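Shared between the two complexes below is chain A, which pairs with chain B and chain C, respectively.
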Partner chain A sequence: MHETLDAMKQSLLDLDMDGALTQARSIVAGAAGVSAQDGVNAVAEALQVVGKRFQDGEWFVGELVYAGEIATSAMQLLCADLAAGTRPRLGTIVVGTVAGDVHDLGKNIFVNFARSAGFDIVDLGVNVAAVQFVDAVKAHQPLAVGLSCLLTITAGEVGKVLDALGAAGLRDRVKVIIGGAALTEQFARDVAADAFAPDAVTGTDIVKSWSAG
Partner chain B sequence: MERHTRRTVESWLAEALAPTPLPRGVSSRDLVRRAVTFDRPPRLPYALILPVRSDFFELAALQRVLGTGRRRVHGAVYRDEWGVQRTAGPHKWDPVVVHPLADLTGLDRHRLPAAAALVHVDRLAPFVQRARQAGKYVVAADPVSLHERLESLLGFESLLTAPRWNAGAFAALLDRLADLTVEAIGLIARLPGVDAFMTWQDLASQSGPHVSRDTFQRCFKPAYARIAAAVHEHNLHFIWHICGAVAGLIPELIDLGVDVLQLDQPRLVGHDLLAARFGGKVCFWNTIDTQWAVAGPRSPADLHAEAAAMIRPFQRLPGGLMLRHYPFPEDIGLTSKFHDDTARVFADLAVTRVQGMSG
Partner chain C sequence: MDFRQRFLTALAHEEPDRVPLMGMILDTATTNQVLGKAPTDVIALLRKPLLRPILQGLMNNSWFWNRMYYSTASDILESAARLGFDANWTIYFRMRLEADAGNELGLVFHDVWGRVWELAPDGKGGLTTNYSRGLCSTEEQWEAWVGSRQPLFDRVIADAAVFHRRLVEAYGDRILSIGYAAPGIFENSWQPMGFVEFTRLVYQKPDFVKRVVAFHTDFYLRYLEAILGSGVDVVLGGDDLGQKTGPLMRPELIEKFYGDSYRRVTNLVHRHGKKLLWHSCGNIYPFLDRFVDWGIDGLVTLEPTAGMDLGKVREHVGHKLALVGNLDVSHLLVNGTREEIEDAVKNAVRGAARGGGYVLSAAHSHPHIDATRLRWMVDAAQQWGRYPIRV
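Coming up: the complex of A and B.
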């Protein structure tokens, strides 16, 4: 790999925001002799390593959050330099934290990772009612809907969103992935979600597999 | 209104100060202290809230009954004494609307409350005295709870990342909060009869600690070490509440000198593992695992089996386990029946434990 790309990747893995952005700016300025697309690919590769470190228990949520923030900042620089339509897109994901729950960390980590992986994200925010998910699916025709839920007391809202999508005749047109501290694999089966994401990295990988399929 | 409040406090006190079943010549305080110091308590100490039947007298519970805060209309936005903007809601913690130090700018100008405004020594003293006379083990509450306070001041995301993007300011804030905690401990120690200082520090999620051990040791542990030293300097036990998958952090907490770990999710570590790896090194004060409790209807038989599984691994040890009701059942959807059933099971098994030991 090119020296600048190596340096950017290493900066991200060292959780060095300044270093990663310096390399990204160098790429965008044309000083590094590599394309912005090469830079995007390098960030994506670094995130794969981040994901593995997290899944192996080497890194924790603190490191995961910051790596996601560095990746997002680098991607903003690099993607601004890509001509419209030239950046490969994997599809759109509508995401939100369900009604009654105002926690956004898990959702935000997922958004950072999925966006960096090449997805377009429609982030509905927190405390999102089922009807808002339905409206967003109608408006954006996404590949997937991601539902986040931290609080046990609001877990029932996840089922309400799935019911609302079904009632609107949209359930067959969109995959639903759920995650958050209050949810489990068994819960995903109970509400007939398509997948449960134990963490943002796995969640991104699952949606990527849907995109490829 | 005032008379109603006084009657409510008195009726709560009547329950809270009532004796629990004890062997002759042993007080609740003796029982707890022997559990904490692995000195063969004659039964497992417990703290039940519905109705209140407890070997402990928890100042946090008393303060809730006394109603130290102003009543607010549901949905009203207000600023708390830490400068954190919140929305009044039905649960114990009102959600934060604005984290005033999210980007750590303005830290120098941000005012924290004085310790004396957080620990109401004169107001609490008569209650502590009554609790001690009733033979209870008195637990004072940390009015700062450093990690929780950092979270409300900074927001969770900034709390996790600030040590990397502004290590100096983050350390300065941590120091100020630790100073305040140490000062509060000094005031609490003026209350004759307090046995323990309890803090709430949720440093882990359902899958593991929030930060690596290295980050914990580098960024957080020095502040906690100062707090632990202050607690022990005043001859208090150090009780630490923590939720989540905490196995990786427990060695650090033991190293800090924590005497009691209060876990609401013991299953995330595993009952057997808790006893096998950490039994004898720190005392546990566990609830029935809250995630397990809310995951489905639990019959009395289910509960009995779960409590027995929690207690059994500790029976080979000369102490180190205490039992507890989750104190905010309505916040997580636990029914009063669940707590009734748990109370019966705990009372039953706490005594069975005596028979097990004597046999």
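Coming up: the complex of A and C.
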């Protein structure tokens, strides 16, 4: 790999925000002799390593969050330099925290990772009613819907979203992935979701596998 | 043995007559069920234009807030005693109801440390509150927040002392009131900023984070000292250090920023001749040895849906820590069968109770926990938790 791309990737893995952004600016300025697309690819590769470290228990949520922040900042610089439509996209994911729940940390980590991996994200925010998920699926025709839920008392809302998608005739057209402290693999089976994500990195990997399929 | 002897014997890693039982927060929906009280739809009341300013004014009045909070805690201890628990958490907390255009109700709670709490229906006709974000996302905002609130912090400490003393006086002959100094130093550091901002500051402005930790450590020690002076036998501290799959922050970072603070906390409690239990949600396996090193006497919660297994924890820490937990609250104590609950109690007793050092409890608390199922838990403990253990 090119020296500048290596340096940017290493800065991200060293959690060095300034270093990563300095390299990204150098790429955008044309001083590095590589394209912005090369830069985007390098950030995505670095995030793969971050995700692996997290899944292997070497890194923790704090590092995942900060690496995601560095990647997002670098991507903002690099993507501004890319012509619209030139980036290969993996598909769209509609994401939100279910009604009654206002927690967004896990959702936001997922958004950072999935966006950096190449997905277009429609982030509906927190406290999202089932009908809003249905409307977003109709409007954006996503590959997947991601439902986040931290609270045990709002876990029932996950089932409501799946029911609403079914009632609207949309369930066969979209995959549904769920995650959050209140949810489990068993819960995902109970509500007939397509997948349970124990963490944001695994969630991104699962949706990637759907995109490839 | 009475409840006090039973609980303290277990914490001393000796075998009492049976495994003691402890309740967690016990939400109002659960205490209403135990006491036969009807829920109060606070949100509906706050939607009424005439009542809204009156209620807001009342809740923001110290006298009313303290009276309301004591009444809630009193219901908790009454319920816990009636359920047959030997001990229960009691927490003093202080918030103000503030206008917020971004919230559908137009009102949110702000706590004294700078968190925003959203009001929401608890699904049982009452109210619940959930932390949603912080009000101090920059260094300047944090400095301004704490700089202007010193009298309020002092007031909170004084009111907490009165709150805990009254509860001990009212219930001390029926149940142990475990005084919980909450929120903890870690939570008070990051939640008023938000986790993303806090993480950014850890890497970009570590000296500022150290200053924040030092401020909250000093506050926490004063707060804890007030609770220790109120007559409680056991105190509870805590910080949610874990999430579903592991630690929120690298354990070495927690050690670097918080290790000395936690040691000061345990030293203070031990100087008073008391025990310190410690609550943390999430998967906290990587912290087990550190809890011992920090001087904590026992762990509370051990969240099974985050992979915490009582037997495994006991195997790892031996009798260096008492263990309090950990019946599932996602399914078991919400809609589990009597047989499932009995099996879970037997499993918990089998995994952790031999040699003492174990207290049976739910893993946590939320409004949908069913009082009938808590009674089944107590019944099973009466049957299977007798020493010598035979499960």
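We adopt the following convention: the second predicted complex is superposed on the first by the 213 of 213 C-alpha atoms of A that agree within 3 Å, B and C clash if a C-alpha of one lies under 4 Å from a C-alpha of the other, contacts with A are read in each partner's own complex, and residues count from 1 in each chain.
The rule is short, and it goes like this: contacts are C-beta pairs under 8 Å (C-beta built on N, C-alpha and C of every residue); 3 or more make two chains touch, one makes a residue touch a chain.
Just so we're clear, the structure is a prediction, and the values are computed from it rather than from any experiment.
Asks: Sharing chain A, do chain B and chain C clash or fit in the superposition?
Replies: The answer is clash.
Asks: Taking the superposition on A as described, I'd like to know which of chain B and chain C A:9 touches: first, second, both or neither.
Replies: After superposition on chain A, A:9 lies in contact with neither partner.
Asks: Looking at chain A, which partner touches more of its residues: chain C or chain B?
Replies: Answer, by number of touched residues of chain A: C.
Asks: Of the partners chain B and chain C, which touch A:69 in the superposed model: first, second, both, neither?
Replies: both
Asks: Look at A:175 in the shared chain and tell me whether it touches chain B only, chain C only, both, or neither; answer first, second, both or neither.
Replies: Neither partner.
Asks: Determine, under the contact definition given at the top, whether A:115 touches first (chain B), second (chain C), both, or neither.
Replies: Touch partners of A:115: none, neither chain B nor chain C.
Asks: Regarding the shared-chain residue A:198, is it in contact with chain B (first), chain C (second), both, or neither?
Replies: both
Asks: Which partner chains sit in contact with A:100 here, chain B, chain C, both or neither? Use first/second/both/neither.
Replies: It touches chain C, and chain B stays clear.
Asks: Need the overlap of the two footprints on chain A, from chain B and from chain C, as residue ranges.
Replies: 15, 17, 57, 59-63, 65-66, 69, 102-103, 105, 108, 152-153, 181, 184, 198-199.
Asks: Which positions of chain C touch chain A when the two form their complex?
Replies: My answer: residues 104, 118, 120-123, 128, 130-132, 195-196, 199-200, 202-204, 243-251, 253, 281-282, 305-306, 329-330, 334, 366-368.
Asks: In the complex, go through chain B and note every residue touching chain A.
Replies: The touching residues are 95, 156-157, 160-161, 164-165, 205-212, 215, 248, 290-291, 294-295, 331-333.
Asks: Sort out for me which residues of chain A touch chain B in the complex.
Replies: Checking each residue of chain A against chain B gives 15, 17, 57-63, 65-66, 69, 102-103, 105, 108, 152-153, 181, 184, 198-199.
Asks: Under the definition above, what is the set of chain A residues touching chain C in their complex?
Replies: Where chain A meets chain C, its residues are 15, 17, 57, 59-63, 65-66, 69, 100-103, 105, 108, 126-127, 151-153, 155, 180-182, 184, 187, 198-199.
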